[in-house]
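Each of the next two complexes has subunit A plus one more chain, namely subunit B in the first and subunit C in the second.
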Partner chain A sequence: MRSNKVGWLLLTPTLLLLGVFGILPFIYVLFLSFHQWNPFGASPDRIFIWGNNFRRLVFDGEFLLSIWVTLKFAFFAVFSEIVIGYLLAQLFMREFPGRAVFRTIHTLPLIVAPIVVGSVWRLMTTPSIGIIPYYANQLFGIDINIGRDAGTAFMFTVIMDIWHWTPLVTLTLLAALLSLPKEPFEQAQIDGASRAQIFWHITLPMIRPAILATVFIRLMDALRTVDEVWMLTGGGPGAATRYIGLHIWKVVFPKTDYGYGSAISVIVLYLTLVMCWMLYVGLVAPRNKGN
Partner chain B sequence: MAEVTVRNVKKRYGTVQVMHGVSVDIEDGQFVVLVGPSGCGKSTLLRMIAGLEQISEGQISIGGRVVNDVMPKDRDIAMVFQSYALYPHKTVAENMGFALKIKGAPKSEIDAKVQKAASILDLGHLLDRYPKQLSGGQRQRVAMGRAIVRDPAVFLFDEPLSNLDAKLRVAMRVEIKELHQRLGTTIVYVTHDQIEAMTMADKIVVMRDGRVEQIGAPLELYDHPSNTFVAGFIGSPAMNFIKGKVEAPGTFLAEGGARLPLPEVSAEAGRPIVYGIRPEHIDIGEGGVAARVSVLEPTGSETQVFARLGTDSIDAVVKDRLTVQPGTEIPLRIDPRRVHVFDGASGARI
Partner chain C sequence: MRHHLKAGGATLLIGLLAGSMPALADFWSDAGAKFQGVTLHGVTESTPPSNYVKDVLAPEFTEKTGIKVEIETTSWDQMYDKAIKDMEAGTGIYDMVYIEQDIIYAYLARNFLVDITKALADDPSLKAPDFSEEAFTSFADYFKNADGDLMGLPMEAFIKIYLYRTDLFNDPEIQAAFKEKTGKDLKPATTHEEYTEIAEFFTEWGQGKDIWGTTAQAHTGHPASWYEFFESIAPTFGVYNWGIDADNNYAASVANGGRMNSDEAKAALKYWLHLRDIAPPESAASTWTETATTFAAGRAAQGLIYGENAAWIASDPEKSRVVGNVGVALPPTEPGVLEQVEAGEGYIGYYDGGAFGLPITSKNQEAALLFLQYIGQDSVQGPWAVAGSRITNTATYDDPAVQELDKKLGGYFTMLRDQGKLFAGAPPFPFHAQVREATAPIFYEILTGAIEPDAGLDQMAAKAEEELTNLGYRK
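Here is the complex of A and B:
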C-alpha cells in the first residue's frame, strides 16, 4: 500500500533543508534587494527604497562592465571547452597506446579545488617566477604580465577555466558518443557522406542534447566564477577580469553594501535564467522532435 | 543492376580467422540469401560486400569491377540494416532523400524520387513523420525506401525482418519479394531464418563457421542436402537423424535397435551412417515400423507426432487428425526414396 502521508514524511527532511538553506536565503536576498542597507556605512539602518537599487544598476558603469566581461569570459571559455572537449572525446573513441592512462590523467583537473587551481595558475603566470612568462620570453621573446596587461589577464582566466573544466565536457560528450548506435553512421557512409558531412548531419544532431546539457551546466558555472579568478588576477588589472561574481563579492563584503549587492545577485540570477531559456527555446525545443 | 562475385574471401581479426575462403557467384538480378546460425559469418560477408568490413584476403567484385579497396559510397550499393539505422532527427522524407542531398542533387529531383519510392512502399502519408513516430513495419519500409531512392546496382539486406512480429514478418517477406520482382535489382539478403531463405531466394548460400556448406536453389537444398548440417538447417520441422549402420542392402539398423528401409546407396553392409528422413515424409499406415507416441501437437491443418523408435526419437508430420493417446504404438511408414543417407563420421551425403 502506498500512503501519501508516508511519502510526505519521508520528503520532510529534504524539504526542510531545501527551505532553510535554499528558499529562505533566496527570499531574504530578494527582500534585501529592495532595501538600502549598509550596516557599517554612514547610515546603518535598513531602509525600504522600492526598486531604486535596480534603477541604480542601469547607470552603474562598473556593473555594466562587469556583466560585459563576464559574458565575454563565459562565451570564450564555454565555446573553447565544447570544441576541445569534443575533439578529445573523439580522440578517446579511438584506440591508441596509453589511452587509459591519458584518459585518467586528463580528468585530474576536475578533482582540484578551484581555489587551488587559481593558486597554481597564479604561480605559473607571475612574472619573474612563473614558468609561463619565463618560457614565453625564452622561446618566443613574448613578455607576459597578467598584472599589467588586461588582455593577457583575460586570456589567462579563460585558459585556466578551459584547463579546469574541459575534462568534464570531454567525459559528457564521450559518454554521449559511446551511447550512439553505429548503424546510422555506417548507413551515412553508404549514403556517400564525407567525414565532415557525417559530423554535421549525423553526429552533431544525435549528440545535441548532451552538448546542450553541457553548455547549460558550463554556462551557469562560468557566470558565477569567483574563486579561481580571485586567486589568479584578483579581478584586475583594473576591472578587466572583475567578473560578476567577483563584483558582487566586492560590493557585499569590502563595501558592505548589502542591499545593492542583493539587487545585483537577483538581476544576475534573472539574466542566467533568461540566457538558459533563450538557449533552450532557440536550440533545444525546435530540434527536439526526432529525439 | 549488377552481378556480384566473391572469390576465396578470408577475414581475420588479429590471429583469429573467421572467414575461411568463401566463394559465391551472384548473377545479375538474382535474389541470393545467405543463411546460417548466429556467428556463421553471413553478416560479416554482407558487410564485406558493402565495404563496411575490410577483407583480409580474396576478391570481391560488383558489376565486374573489383571493389576490395573501394569506399562503401562508391560501390553502388544500398543496405538495409536489422535495426533499420534510420536517422532519428530526420523525417521520413529527409531520411529517404539524404543520399541524394549529399550528392548535391536538385531538390526537385530528390522530391520526385522520394515520392516515387514512397508510392511504391505506400509511405506517402508518413513522409513528414520522424522515425520514433512510426511502427516497426513502417520503419522497415522507410529503410527500404531509402535504399530504393538510391537506385543502386545491388541491395544488401542484413536480417531486416528480425525485429518484426511473426505476422508482420510474413507480410514484409511478400513485400520484399514483390519489390524484387518489380525492380529486378540484385539482392543479397542475410537471415538466420530458413523459412525466409526458402520462400524468398533464387539461390541460398548455407554457411557455418565462416565456410560455405552448400549453395543451391531452395528446393535443391531441400531435396539434396550435401551434409547433415544443411539437411538439419533447411526444412521445418528439422529432419530426423538416426545414427546406426547399414545392416544389409536396403535395411538400416539404428543404434536404438529399430530397422528402417534404406534406398539403394553405395554403402557396404556394416558401414556406420546417419539416416535422415524429413518429418513430412513419414506417414502412418499398414506395414510401417512400430513407434511409441510421446507427444502429439495438433495445429489444425496437420499434426506433429513425437515418437520413440526403440531408444531413438523420431518426429513426423501427418495431415490426419490423430486421436491416439501418448504411449500408444503406431506404425510409421517411410518411403525409402525420401530417405537421405549421410556418412557416420563426416556427415557428408552418400
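Here is the complex of A and C:
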C-alpha cells in the first residue's frame, strides 16, 4: 500500500507535465476543430459549427492530394530506409578496414537539424547552380530541375529523408543483430541452410520487433515531416511535395484558418494511429496468436 | 549701475543657456534613467536594414540610455509566426515587431499596435528633441490609422526597380548584334514588347556564356512568385490591387466586376510565363532573394529586383560580380499605363518596405517608444541608408554619403525620391495572407503547366471570391 502511494507520488510530476503539455493542447485542438475561427476574418469570433470542418475535409481536393503524396512519400522513404539500414547494419557486423571511421561518418546526418538538412539539399539541387544538377548534366546530359519537375522534386525529398534517417535505422538494427544468440545460426549452418534461408527463417523473425519499432518511429516521423521539405521545395512544384504537415502549417499560419487546421490535425492524428494499429495487427498480432 | 545690470543679465542668460544645454544633449541618458534594467526585445526579418538596427543602432542606443536591446533577425515566415503568436496570445515577449507594409491593415484590424503619435502626445517627457514625424517620406502614410496617427515607425522603404547591366547594354558589339537582329537600338525597355525582345536576344546571345535575358521570381511553391505577378507584373498591364475591387463587394472575377481574370491579367501572365521560360534555370526555384543573387552573379542582363538589394549588387564586390555595371530604370509598362499612373490612377510597381511597430502587449512600451524615436531621428539615417539602401526620412537624400552611393546605384535614390509616387504599397486589405494562400496553389499549378494560364486565372478569381465570402468580407 505504502509503495503504491510512493509510486504515484513519484509519477505525479511526469503526469502533470504530460497533462499540461500533451493532453491539454490536444483537448484544445479537438475543441477548435468544431469551430469556425479565423481571427483575420470580417468577424474574428469563434463560432461553433458542429462537424462541418470534418465534412469540408472530405471534399477538399488540396487536403486529399496532400494525404496521397504524404502516404507515397512515407512508403518510399521508410521502405528504402529499412532496406538500406539493414544492409548497412549487416555491413557493420563484419570486420573491414576503417569500419569505425565509416560508422561514425555514417551517423553524422543524425545530428544535423532538419532545417539545415533542407538547406544543404537545396543548395545541392538548385537548378544550374547546385552540384547535383551540374554533374548530372556534365556526366549524363540529364537536366535536373526540382523547381519545374514534380517527379524529380518528389524523388529528392525522399532521397533527402533517406540520407537523414537511414543511420537511425542502421543503429537500431545493428543493436538488434548484435544481441542475437549465435546458436541458432550455427545450427542452421550445420544443417546446411542457405544464406537466404537463414535470413528468412532465423534472422528476420528474431529481429522483427526491432524492425517494427523502427518502422513505427520512422512512419510517424515521415507522416509529419515539415521543415526539411519546406526548405527544399516549399511544397512545390505545384502541390507535388505539399505533404500533410506542410499543408497544415499553411492552413493554420498564413491562412489563419484555425478551426479547419485543427480538424485536419485531428484527422491526421487519427490516420496515423489507424495505420500503426493496422501495421501492428497485420504483422505482430498473428505471430503472437500463433505463439 | 545700468552697466552692471546689463552685465548681470548677460551672465544670468549665459548661465541659463549653459545649464540647459547639457539637459538637451543628455536627453537619452535622462530618459533612459527611468528604465535601467529593462531589456527590449524585437523581432524582424534578416535584411541589411534590420541587421544594421541590430548591429549598430541597438548598441548605440544601449550606450546612450542604458536600456538593453535584443533584436532577433530571422526569416520572413518565422518573423510573422513569432510576432503574431506573441500578440495573439498576449505574452508580451516582443516590444518591437517588424510590420511589412502589406500586413499593417490586418494588424490595425486586430488592434495589435500602440498609437505612437498619441502615446508621445500623452507623455511629452518621452518625446525626443530630434524626432519628428514630419521628417518621414510619404511612405509613412501607409502606417497611419484613420486619424492620421503613426502606428509604426518606418524603418525601410524601397521600390522594385528594373535593373540592367550597363556593361552589356553599352557594349558596341552587342549593340550592333542587337541592331542587326531587331533593327532597333539597345536601350532599357519602356514597354513589355521591348523588354521581351531584349530578353530573348540576350538569352540567345548568352548561350554558353551563362547569361540569360531576364530574371524571374518564379518559385513553384513559394509566395514570392505570386507576389511578383500581382505586385510587379499585373500593375504594368493596368491591373491593380490584385484585380480585387474592394468598393464592389470585393469582386475578383470579371463576371462580378473584378479584374483578376481580366484579359489584361491574362496577357500579363502569359508575358511573364514567357520571360520565366527564357530566364536562368534556377528561376523556377527563385524567391525575392535568389533573383537578386542571379543578377549579382552576372547571370541576367536585366530584371525586376527589389530595391533593398540594389545597393549591394551595385557596390559590394564581395557579393556581386556586376559592381559598377548596374543601371536602373522604371519597369516597362503596357502602352498607356504610365500615363494613366502619372495622372493619378494606379501604379507601375511595388513600393516595398516596413516599419517597427509597438505591440500593445509589450510590457516595456515607454522604453520601446524611446528606441523607436532613436532609430527615427534624422541624424542616424545617412549611414543606415548606405548600409541598407533604404530611405524613410526626407533629409536622408541630402546626406553626402547617400548622394555618393546614389551615383554608384545609377540614380536609384533619385528615382525613389522623384518617381516613388508612381509605385504603391500593397492594397489596403486586411486579408492578404488568407487570399494569397487560397489562390497560390492554383498559381503554382499554372507555373508547372498543370493548368492553362487563362483557366488558372479564372479559377483563382473564383477561389479568391470564395475565400472572401468565407472570411465574411464578400456578402
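To be clear about the criterion, the second predicted complex is superposed on the first by the 278 of 291 C-alpha atoms of A that agree within 3 Å, B and C clash if a C-alpha of one lies under 4 Å from a C-alpha of the other, contacts with A are read in each partner's own complex, and residues count from 1 in each chain.
Everything that follows uses one rule, which is that a contact is a pair of C-beta atoms (placed from the backbone, for glycine too) under 8 Å apart; a residue touches a chain by one contact, two chains touch by 3 or more.
Computed from a predicted model, the values in this text were never measured in an experiment.
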item	value
Partners on subunit A (subunit B, subunit C) - clash or fit	fit
Chain touching more of subunit A, residue-wise (subunit B, subunit C)	C
First, second, both or neither for A:G147, with subunit B first and subunit C second	second
First (subunit B), second (subunit C), both or neither touched by A:G261	neither
First (subunit B), second (subunit C), both or neither touched by A:G118	neither
Touched partner set for A:P167, first subunit B, second subunit C, both or neither	neither
Which of subunit B and subunit C A:F40 touches, first, second, both or neither	second
Which of subunit B and subunit C A:R242 touches, first, second, both or neither	second
Which of subunit B and subunit C A:G85 touches, first, second, both or neither	neither
C-alpha centroid angle, subunit C to subunit B via subunit A, nearest 10°	150
Nearest Cα pair across subunit B and subunit C, whole Å	49
Subunit A residues within the subunit C interface of the complex	38-44, 62, 122, 126-129, 133, 143, 145-148, 150, 233-242, 250-251, 253-257
Interfacial residue positions of subunit C with respect to subunit A in the complex	77, 80-81, 88, 106, 109-110, 218-223, 280-286, 430-431, 433-434, 436-438, 441, 444-445, 447-448, 450, 470-473
Complex contact set, residues of subunit A against subunit B	181, 183-184, 186-193, 197, 201-202, 205-206, 208, 287, 289-291
Subunit B residues touching subunit A - in the complex, by the definition given at the top	50-52, 71-74, 77-79, 81, 83-91, 98-99, 102-103, 130-132, 146, 150
